[in-house]
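Some structures are shown below for you to check.
Each of the next two complexes has chain A plus one other chain: chain B in the first, chain C in the second.
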Partner chain A sequence: MMGMAAIPALAMLPRPSFGAGPATSAVNTTGLAVTDSEVTVGILHSVTGTMAISETGSVQAEKLAIEQINASGGVLGRKIKFIQEDGASDWPTFAEKAKKLLVNDKCAAVMGCWTSASRKAVLPVFEQYNGMLYYPTFYEGLEQSKNVIYTGQEATQQIIAGLDWVNKTKGAKTFYLLGSDYIWPRTSNKIARKHIEGHLQGAKVVGEEYFPLGHTQFNSVINKIKLTKPDVIYAIIVGGSNVAFYKQLKAAGIDMSKQTLLTISVTEDEIDGIGGENIAGAYACMKYFQSLDNANNKAFVADFKKMWGEKTVIGDVTQAAYLGPWLWKLTVEKAGSFDIDKVAAASPGIEFKGAPEGYVRIHENHHLWSKTRVGRAKADGQYELIYETADLVEPDPFPKGYQ
Partner chain B sequence: MFGDYSIGDLGAIFAMQGFAGLILFSVYVLMALGLAIIFGQMGVINMAHGEFMILGAYVTWMTSNAFQHFLPALFPGYFFVAMALAFIASGSLGMLVEWAMISRLYKRPLDTLLATWGLSLILQQAYRSVFGAREVGVELPDWMMGSWQATDAIQIPINGMFVMCLTILITIVVAYVLFLSRWGKQVRAVVQNRVMAGAVGINTEKVDRYTFGLGCGIAGVAGSAFTMIGSTGPTAGQLYIVDTFLVVVFGGAASLIGTIASAFTISQAQSTMEFFMSGSMAKVLTLLAIVAILMLRPQGLFALKVRK
Partner chain C sequence: MINSRFFNRSELIGFVSLLLLLVVILPLALDIFRLNLVAKYLTYSFVAIGLVLCWGYGGILSLGQGVFFGLGGYCMAMFLKLEASSVANTKIQSTPGIPDFMDWNQLTALPFFWKPFQSFPFALAAIILVPAIFAFIIGAAMFKRRVGGVYFAIITQAIAAIMTILIVGQQGYTGGINGITDLRTLHGWDIRTDHAKYILYFVEVFFLFAAIMVAQFIRLTKLGRILVAMREQEDRVRFSGYSVANFKIFAFCAAAVFAAVGGALFTLEVGFMSPSFVGIVPSIEMVIYTAVGGRLSIFGAVYGSLLVNFAKTSLSETFPQLWLFGLGALFIAVVLAFPNGLAGIWGDYVQPRIDRLLASRTKKSGNGGLVADGAPAE
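Here is the complex of A and B:
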């Protein structure tokens, strides 16, 4: 908890009990589930089905954040109570559960979703019933809503700084783009290609390929990579395919100390399944690594492990999920109200100095200003920080010239 | 695409690509064998095949952990123990399932589809509850990773060769058991005429149980071997199930030769096309070709000749 001493609102803590905040009638004019001593939020992730692999970390982080907020006095003097629903890796289920959380449970905010497909499924529900969603995953951009705060990076934030870095420090000129075949990798690679061809001197894309989700045989494409000898393999492969890809890459004799590989889809969570020894030497570009050396992060990692076990790892999205409840708390306290409209209006400019990734701020477009970082995978499954942008990178969900 | 390369380079790539095709072939045969036995010999559509494979993968993971903790000196050889244990675990679970579920459905073969699908969901959730929702990383001995440098330019993945040898071995054993052993004769007799086989004194229930167990056990070995090339998670079995059914159905359900021939055709088509176009397009074209061939030959490549 040391890291949170930086938050001004906590200075007056600890409070003896809940219920000492402003009157409910003043802070809740739209009938949300807020009482004098409690406020209800929703957690909506898949804990069953294929996506459970990825979403487990987010659920854990959100529960940790809620527990910490409660321990430090709650929100406007109210204890956060959460209702957890299972999206079951099924997009219509997500929409149905979102409706339940908003209409039946009257949640003041919902932390949830992971894949873009699930977010797209719940978006109309949140807009229709006027709810507030905190969405943690790095994603392709091209979206902005009054009812969503995107706590992960959108594509340009994650991609451009990494490409510039690899171009500058490795002198990379030729890129081979790989991805799983769905919207995020395709949109991301489109942005990457535009940037490589339009903004990097003399650089070009020598191959671009997509594989069905769940593809497990990569020997053919590995041979193609051997044939084209690109300076950089740019990989956005997700899920179980990831494991197959890196294991086969290693087995095919591609030595990552000589061949540069840059990925934006492998966090510490995925390395658990891939095996650190299979991916050691690869570079990843995102905004958070568990190994980040700052006081906020050290406290966060220690608390997370204390709550969920020594062996759990924390990836980029897990950290972004942790930001959700905190940003919501800070916003509510700035707005002085739980009302969705007031929270949405108060969101731009909210600063969270206690974020494990360092300082973050909400932009007018409801995405976060954040730093972009490049890490190098080590055999123990952790990333070593190699590079970080000097300043916060502005989120730009509708990038001009990249579509 | 090939303009800038020397003949030597191209030769090396084609050699490696040939091996890539053969490795894919072995993977297909290995995952389809267990299903082919169960589907072909018993007519049971085992939708939980992938989950039996993943049980083998989890057994391998546990064995790997156990060896690291208790017998680190023997770690390089743990994989063989793991495969044996995977066979036993998946095989026993298979026999249990046959006794508890499948044996009650022999008169309604189509219902086995639904029942085993339900079983697959139950098993997935069981893995998730027991081993956690996250994928586990199976650590392999060093000698199994990396590649064999055949020449300067040609590198063959060792785990690929391992899968190939394993596939050949298992295929030979299965062929021997089914076609030359006394037990194999009983199995085939039960397939051809259950009532008559019973009448001449074959214990059909026992034959069914062991056949199902054998199929599941082989799935377990396959799952164990696939920890080298793929992921181990509660739902990883789903990655294989479609391809597995494809191979078995395309080959002709009741034929071991058909399964092998179909695995060969599909893998070669897939890996060759993948080399010339993107992975997704290759898959689409492979599937289209299979659909077209199955429309012309609904019984698959090789069909058992039986009097109808």
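Here is the complex of A and C:
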């Protein structure tokens, strides 16, 4: 509803005329919802339930991208119309709605899902009905599908560069691994452990613990951390648990300017809930920070705030969600068709130079080449960029030697 | 041939109209996507019918039916998952031939309790026996000690919470929070095609009517009368020499088996099973279906689960951001205005009119041709 504010601004722009593209019969041979002037895509995220707080940013970014694409002439001369469905933080609901978007609404593409569980629930649906999913979250890897483009980082991209960095610049030798108890933190910590033990000289893991989702009592593990005094606390705690964890760390007197903490799960969105003063000094390793200093990102942040309000923050996943509609548009235009098979086949090699994170490119395995960055949390809730890899990191969803 | 005393007249009308609705009207009116959604809703009807017996008649409120729904569903899912994880399908893994989530969790062999689930007859037996035995243990532990009422409800709720934590925590063995996904075939028969969905729908409707008959049978026997008596005056039943605990255990086990059959069918219809059906929230939702339908009515239970789930789907499609409020308003409205649920509305407003209509007709035609008119041609 806040999006209304953006409409007068858009009305100032010269209205592109839709319907001047190639004939529908030529670009849509499989009965997708494509007319001479419109193409329908789906947006499938949780806007209610526990995940709503995380997924709202993705919905906003996708709507912004769609609006911008429409303002610049649409896709193959067609305006993008979207149908939004609510996954309600409930995996079976995701499966039901995905099926609706593909079978009933014949969506040419779906931007959606956030948690691994929701993606696992919809994946068979996308494969059976041959749909195209653009999935924005950093995740555990171990998956590759013709029907999915993964616009977030898979685990090795996010983890290895960060561990190398902390080992080199901080001389870190001992690591304490923490995580919420589900597939992403467990797989990520498995990869981290293999890298620490196998590739970092003399480094070792001194503890590894998991907590149920929504857990709020971290005192006992904080005591253990105080006893073992690891060089690095490596934290993959998700959602609301983060608030309790960082507040309790601070209350226990762990000073982040002396104790290195590296997380891969806290974006600017989570800091909003944790409070900048509670996490200031911690390091995060991901591919995007709102504070990135480049022309693409400045324009993106300004447009996002114009559409959704000054107070909104933009995290890693929100930016990855913004890539989805753009990558799809570029792929459709390269393929010259909306057909799913042609889009899937044309995806490898697609480059997006306007990405807020900088340049990205789709790999043959349908993940993105992207840079990995380390940022340091500041009290105002933003990250300050400390380090970025010189080159794009290759996505490797089935890493040899890390399984 | 149904004995006319097995169903009284209004129940007969209910039975025939439900039969018409599920077997004729819905399959003709809906496309396969919507029909599959109806099939999903109907799996909850099994749970709701079980709750009518256990809660409506027996007075035992269980807030943990999701546990049994989940046990039935997981038994079915384990069989289907093993079939989907053939060595040929899983050669990308480090250990081919085991389910994908085990491979991610560094298991290198199939755990012992998964092995029997390679057999379909074992899986079918487990769907009934595992929840029945589990319910028996809980029931025996509680009812023999005369734990009842609110305390029992709280304990069942705790069990639902424990079960969820157990499944989520043991993700190498259970698939964790993702559940068991990507189920494909049943004995080589692809359960994902539209054709299969039609067949599964009718199989499910068949089981549903079987469940209705069983529930009706239990209700009409002496056992059913004792359940009602127990609900109203437990002590008098006990002093009359009946073992109250055993009857309660029976009602609770029966409800558990109904829920488990629903869960197993759910896995077949939807193609996966996850801990999100086991926890406290889905268990309470199941009680809500029963309450909306009317907790004393077997048919009401079916309509209740259909209506609530239909409202859930259509409200969330139309108002993605506001639908939960709409659903909440619906519950409050039904419970405030019609404490006996849909069945109450039917009994208070519709039934008397039909009776009057029929009575005036009967008078005119002279002889009571009612039974002949209304009897189904079975």
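Note that the second predicted complex is superposed on the first by the 387 of 403 C-alpha atoms of A that agree within 3 Å, B and C clash if a C-alpha of one lies under 4 Å from a C-alpha of the other, contacts with A are read in each partner's own complex, and residues count from 1 in each chain.
In this text, a contact is a pair of C-beta atoms (placed from the backbone, for glycine too) under 8 Å apart; a residue touches a chain by one contact, two chains touch by 3 or more.
Computed from a predicted model, the values in this text were never measured in an experiment.
Three-chain overlay on chain A, with chain B and chain C fitting side by side and no clash. With both structures placed on the common chain, the touch criterion links A:Ile149 to neither chain B nor chain C. Contacts of A:Trp91 after superposition: chain C is touched, whereas chain B is not reached. Look at A:Asn242: by the touch rule set out above, it reaches chain B but stays clear of chain C. In the superposed pair of complexes, A:Pro212 makes contact with chain B and with chain C alike.
Applying the stated contact rule after C-alpha superposition, one finds that A:Lys100 touches chain C and leaves chain B untouched. By the touch criterion defined above, A:Val232 reaches neither chain B nor chain C.
Residue contacts after overlaying the shared chain place A:Thr48 against chain B and chain C alike. Applying the stated contact rule after C-alpha superposition, one finds that A:Lys120 touches chain C and leaves chain B untouched.
Between chain B and chain C, more residues of chain A are touched by B. Contacts of A:Val332 after superposition: neither chain B nor chain C is touched. Smallest inter-chain Cα distance, chain B versus chain C, after superposition on the shared chain: 6 Å.
In the superposition on chain A, the residues of chain A touched by chain B in one structure and by chain C in the other are 47-48, 181, 212. Those residues of chain B that touch chain A in the complex are listed here as 5, 9, 13, 16-17, 19-20, 23-24, 27, 125, 128, 132-140, 145-147, 149, 155, 157-160, 226, 228-236, 238-240, 270-271, 274-275, 278-280, 282-283. The residues of chain A lying in touch with chain B in their complex are 47-50, 52-53, 55-57, 181, 208-212, 214-217, 219-224, 226-227, 239-244, 247-248, 250-253, 269-278. Residues 33, 37, 40, 92, 94, 101, 104-106, 165, 168-169, 171, 176-179, 181-184, 192, 270-272, 274, 276-277, 313, 316-317, 320-321, 323-324 of chain C touch chain A in their complex.
By the touch rule above, chain A contacts chain C in their complex via residues 47-48, 84-86, 88, 90-93, 95-97, 99-100, 103-104, 116-117, 120-121, 123-124, 128, 140, 142, 181-183, 186-187, 190, 212-213, 398, 403.
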